[in-house]
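One chain, chain A, links the two complexes that follow: it is found with chain B in the first and with chain C in the second.
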Partner chain A sequence: MTKDKRELARRQDKAPIATAWDYAPAPEARDIVKIQERYGLFIGGKFVEPASGERYTTIDPAREEPLAEVAQAGKADVDRAVRAARDAFANGWSALRPSERAKYLFRIARLLQERSREFAVLESINGGKPIRESRDVDVPLAAAHFFYYAGWADKLEYAFPNRKPRPVGVAGQIIPWNFPLLMLAWKIAPALAAGNTVVLKPAETTPLSALLFCDVLRQAELPPGVVNIVTGDGRAGAELVSHPDVNKIAFTGSTEVGKAIQKTLAGTGKRLTLELGGKAANIIFDDAPLDQAVEGIVNGIYFNQGHVCCAGSRLLVEESIYETVIAKLKRRMATLRVGDPLDKNTDVGAINSKQQLDKISALVQSGVDEGAEIYQPPCKLPERGYWFVPTVFTNVAQSYRIAQEEIFGPVLSVLTFRTPDEAIEKANNTPYGLSAGVWTEKGSRILAMAQRLRAGVVWANTYNRFDPAAPFGGYKESGFGREGGRHGLEPYVVLDDA
Partner chain B sequence: MTERLPVQKTYKLFIGGAFPRSESGRTYLALGANVACASRKDLRDAIRIARQAGGGWSGMTAYNRGQVLYRIAEMMEMRQAELAALCSGPDEVAAAIDRMVWYAGWSDKLAQVIGSANPVAGPYFNFTVPEPTGVTGILAPLPPLLGLVSRLAPVIVGGNTAVVIASESHPLVAIELAECLATADVPPGVVNILTGLRSELAPVLASHMDVAALDLTGADGDGAELERLGAENVKRIVRGRADSQSPYDIAAFLELKTVWHPIGM
Partner chain C sequence: MATAPVLPGGFELPLEPRLPRLGSVDAVALEERAASLATRSIKREAKLFALDLAIRMMDLTTLEGADTPGKVAALSSKGIRPDPSDPNIPSVAAICVYPNLVPYAVQRTKGTSVKVAAVATAFPSGQSSLEVKLLETREVIEAGAHEVDMVINRGAFLSGRYAEVYDEVVRVKEVCAGRAHLKVILETGELGTYDNVRRASLLAIAGGADFIKTSTGKLPTSATLPVQLCMLEVIRDVHEETGRVVGMKAAGGIRQSKQAVQFLVQVHETLGLAWLTPDRYRLGASTLLNDVLMQIRKERTGRYQNPDYFTVD
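And then the complex of A and B:
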């Protein structure tokens, strides 16, 4: 750093902490989205009524207003969906020329791009995430995923040397509420590319983008039954997991539920991939570009309200720069704009559900009770809806619940270290192993740290980046199997001897 | 001159590079010999030692690990007759030796075949490398030598350490193999072999929180229950074939790590 730059940095740090400026509201128009009053289950290419007639209301978490009545799938409905998927698998889809399969997936990718604004708005309305994220991250990545796997459909034999890949059959897929459309893409794209058919259960609180996706399938003229969408709470998921004619289960969600699924499937021979929780360390060395690192810390934990399994929820700061980093972080946090998900200036949107808000609140209270020091920037929250102020805890011991448990909210716990060994020791000291971040200017140190971190994804001088070509998945209790890349095909093929 | 009385072998456990008796002092009779009957505590000790050995083994260069595996094959070649007497015969021994050599050659090719460089849309060098899962529990299947080698070699060539429960009915050849391992520069604790009662040991192995992966190819009727126990810490569970030979068997015990390294001036 030159003298001038140092001086500038000193002056900036001395300046009074800025708070979020008053911007005029800049809401994205809602009227591009037509939400129906009620939705059925998407089975065999059309919407059908749930056998039980049971429905529930899905809401806009930012306004606490009902959006639509959604079907609760029961045993009979799941069975019907699995049969539709089996029928489509046996009668056409698996035997279709792979190059034709590819073209369906390309169509879906293009349709998602064309209707991206509609999807982005709907995703923000139903999930509470800022429109900037749905527009710039979720929807483009979902389309990219379909485009990426479309290209694999007729090249599978090049992905598995000396083997003849064939589809597994009917895949049951269960996805979470934090990235509803993106997780749908992560699940459906590789499954279809490999020639499987799918029954997908969206999360209870965020079914609408999956239901809109059914219209994309109609436009793409995908054969009926290749993709079936069954909505509902955990009961529908449990029916799907235990259905005897499902050949493979892919689950993204909590470690607790993941373990229960693994137990249910024990001895059945069904294929399983799990993408579970995390408690990632984001490690800042003293030579890191600090302003960039602070942006990375903020992006690591406050992106998508911290509803991210790979969120950088434990900040490990080298002791010599601790004061500086915390000061800079607090300044930055004060400028975060919390509020209307549809406002283009919003950084942090609504918490996805009342239930999740209660869970975050309880864990934050445990942090206070256990003796950590809490900081929350001054922040005006809307009166209705579910909100949580971006929070940082300092003076955190490794044993505290806020340093051990996945909070899945905008809550950061800060720890310090003196040596790289200590950083590794603390970073790996968790049953999870999904992701980690390293910030340093030294390339050799990046690679040395990356080698020793027990995590499936390591970001260096960046955080929370995703790409369809980059395999993603966990070590240890964060699950097994990869999504993305060539490796993401493996869960969806049976490898016969060539 | 009177006929010489042969010196008989005492079959013991193989833990941490040493040959201890069971801490319980128990033995059981198998194929006419008294065999150590490992206790649950022996098993827990072996798991702890395997975990400690993990860092050194996975930290060796791939080239080095390959040479150690090749050295195992050399030691097996020297003991062909002894091994053959304790399994189905010379054919099984020959197949087991050749299999070990085959896997030895994989150590420094895995990252190239299983890993990848990923063309992401951004200024990052993005790559995926295979890494060992950790301590792996193996229920050795029959045939007693070839089955064991077929499941053990892919586990250790990738950098994992192993805790093996030998075939209960045919344990002797497993301990004979341990003597090859002990003289093959396999670092202590990388492979641990226990003889004893499956019904006692397997549930402890399956439920132990320091075991990261399980090879249940040799499981009998208790497979489902062992899988259930293994779910408690999300173990990677493999039920393969006793006679297979494949890099996909190695990959089953590897994690994949994706690294985003920045590109910039």
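And then the complex of A and C:
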């Protein structure tokens, strides 16, 4: 052996054995988006100071650092916004040629795509969700919704054959903090396509993407007053709901608030759609493609830190594969990367607010107290910010709070079943009925299950998949009315006989 | 655990070691997962780690009709010392050649850590008699090959004669046993579905494969990320069910460092660190090496160097 070759052999022998492959941080740049120090209310096409004079601070939940001062709209502010919307409705927008309305919507969609990085970063900074999701899911889907409803704007007669659709008027829309921009798109796109004008209130904790959206409206040269954005907490929402000149309320949020809204609106003649909580069953049969089903379980509950109304928070596993599925699930959970939402490798980001973190912690504690078995993978959480380790509970009884109440966090409860009938019974045994998942290789079983599951959306061999063409909405305490698809136009049109 | 050993229809597998249930693969979800893992952003030290690994785990390959002793000798030298100007660059894992060229590769790599792998069993089509396949295997081992890359009988597989596929692997394994490592090429580009990839993987493993390998590199569709993921999941199931360790080799179509890193990330996140060693994972490639060398130098210096500074062999 030559000296060189011996040297090489030596080097090869001493090749260090890797003990870890830590991915270096890969953060998306924050400075692509410019956050102002303070924001007013977007009314009549421009930012105005709140008459209330009240402001609050919106924060970055991953760093617990203030981002901006945001206006708290009061009664006078909401009234001003509704009047601006009424004015825009009466003086132009509702009479505009539908193909012209479509042009604005197409423009908005394209601008969202062009500025997608800005929106993705802002959504992650203000909401805590991983950039991978805001970049690959939230923002592209928001743009897709505008594209989709832009297409309907001049074809409404075809959406409702033999009827003559006309707009409802001014729509008051209140959206949650889990998908701020996407929920805005779900609400605004069909409303404008059908010729309505809008007053939208983003969630208290996540107003920034809606405020950046105002700049998109400016670029699109949308006529003033067609879309108005009022920020603030529940008080602003309540003012909007009770305003006498609003024709329709669309609300996405908690069941508790949804019920209160319905009470307020009773007898007023205002239209209402509600998209509320959920406690969805994700049902795994023994013939399911197991590794993919495990991905579906993970995507079902840990997507967006579990802040998803249709999250698959109750896992129903056929007993014969229970141990295999749980072993696979636990191993997969250990590979979830929890941390900086702006890191491109992060799978699970920050909890949206302190309040939500407290709620999750309390419910998890109740699960432990009631006797469920808890598993959390080893996980190093950042020191600052609001975080919760992905959690799974096994040995859960249907009667435990964690199997009944919506946790809205990265917490999964596992139950078992023996027959399809039992799976249906357990899946439907909840006050909610928003969504469900079925995993099986058997097509006939998918259809049979979907027919019997009382849930607005049933996913087969996938989970948390959204498309603007697919209607979304709930049964029972998960609300009523559909968003997305042709069905999503219905709440925004009055149908006269042709 | 309630998972029974499941037998692909029409033949029987030995009950020991127990195999995981045959199971099924959902194509949409599999591809989604592979695509999502491919978005991992691997930078700086993490990238250098991966590139260094990629070289250590590389089967530097030449499989051309035009291969000559000179070409193989040059390739072997390249494999032993990929970058003469940088002593920190490791050798590749093996040189992979056609049977006739095994002696030249063996001669040139003698005394180094670099192994010689030979494709055999009527590579790439496998359309030959079992006797010919066994003979070829015997010959390459006698010529000094440390590793044998066999192809499965796709003709038999696709016409449902699984027993024949299994049998061939077993017979080739008998020839290799104790003398050479056996890598079984599934040629996934011809199998049509991920369910078939899973089934063929299980067959190969049951037959005694030390490694399962995606492709011959002779088809337009070779190693893809979803195909590798599908195979890694089989390896994982087998390991969990039986404790048996099976290696993975992705081959064909991997030309860029970026791809190599994506394949490694997938191994890392599916099978863990334990599989990130040349004993358990290989990348079969002919042109990848220089791109990896170039990327390593770029990471270290911040600049891309002219390709003329990397030897072409």
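Throughout what follows, the second predicted complex is superposed on the first by the 477 of 498 C-alpha atoms of A that agree within 3 Å, B and C clash if a C-alpha of one lies under 4 Å from a C-alpha of the other, contacts with A are read in each partner's own complex, and residues count from 1 in each chain.
Everything below uses one rule, namely that a residue touches a chain if its C-beta (ideal position, glycine included) is under 8 Å from a C-beta of that chain, and two chains touch if they have at least 3 such contacts.
Everything quoted here is computed from the prediction, not taken from an experiment.
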Which superposed partner A:295 touches (first chain B, second chain C, both, neither): second
Partner chain in contact with A:473 - chain B first, chain C second, else both or neither: first
Partner chain in contact with A:462 - chain B first, chain C second, else both or neither: both
Chain B versus chain C as contact partner of A:194, first or second or both or neither: neither
On chain A, the residue positions that both chain B and chain C contact, one per complex: 461-462
Residues of chain C defined as touching chain A within the complex: 1-3, 23-26, 28-30, 32-33, 36, 39-47, 49-50, 53, 56, 80-81, 87, 90-91, 110-113, 233, 240, 268-269, 273, 276-277
List of chain A residues in touch with chain C within their complex: 1-2, 4-6, 8-9, 11-13, 15, 17-26, 132, 136, 287-293, 295-296, 320-321, 323-324, 327, 335, 344-345, 441, 461-462
Chain B - residues contacting chain A, complex: 113, 116, 118-122, 124, 126, 128, 133, 212, 223-225, 227-228, 230-234, 236, 239, 248, 255-262
In the complex, chain A residues that touch chain B: 144, 161, 163, 255, 258-259, 262-263, 265-269, 274, 276, 431, 443, 446-447, 450, 455-462, 465, 467, 469-473, 475-480, 482, 485-487, 495
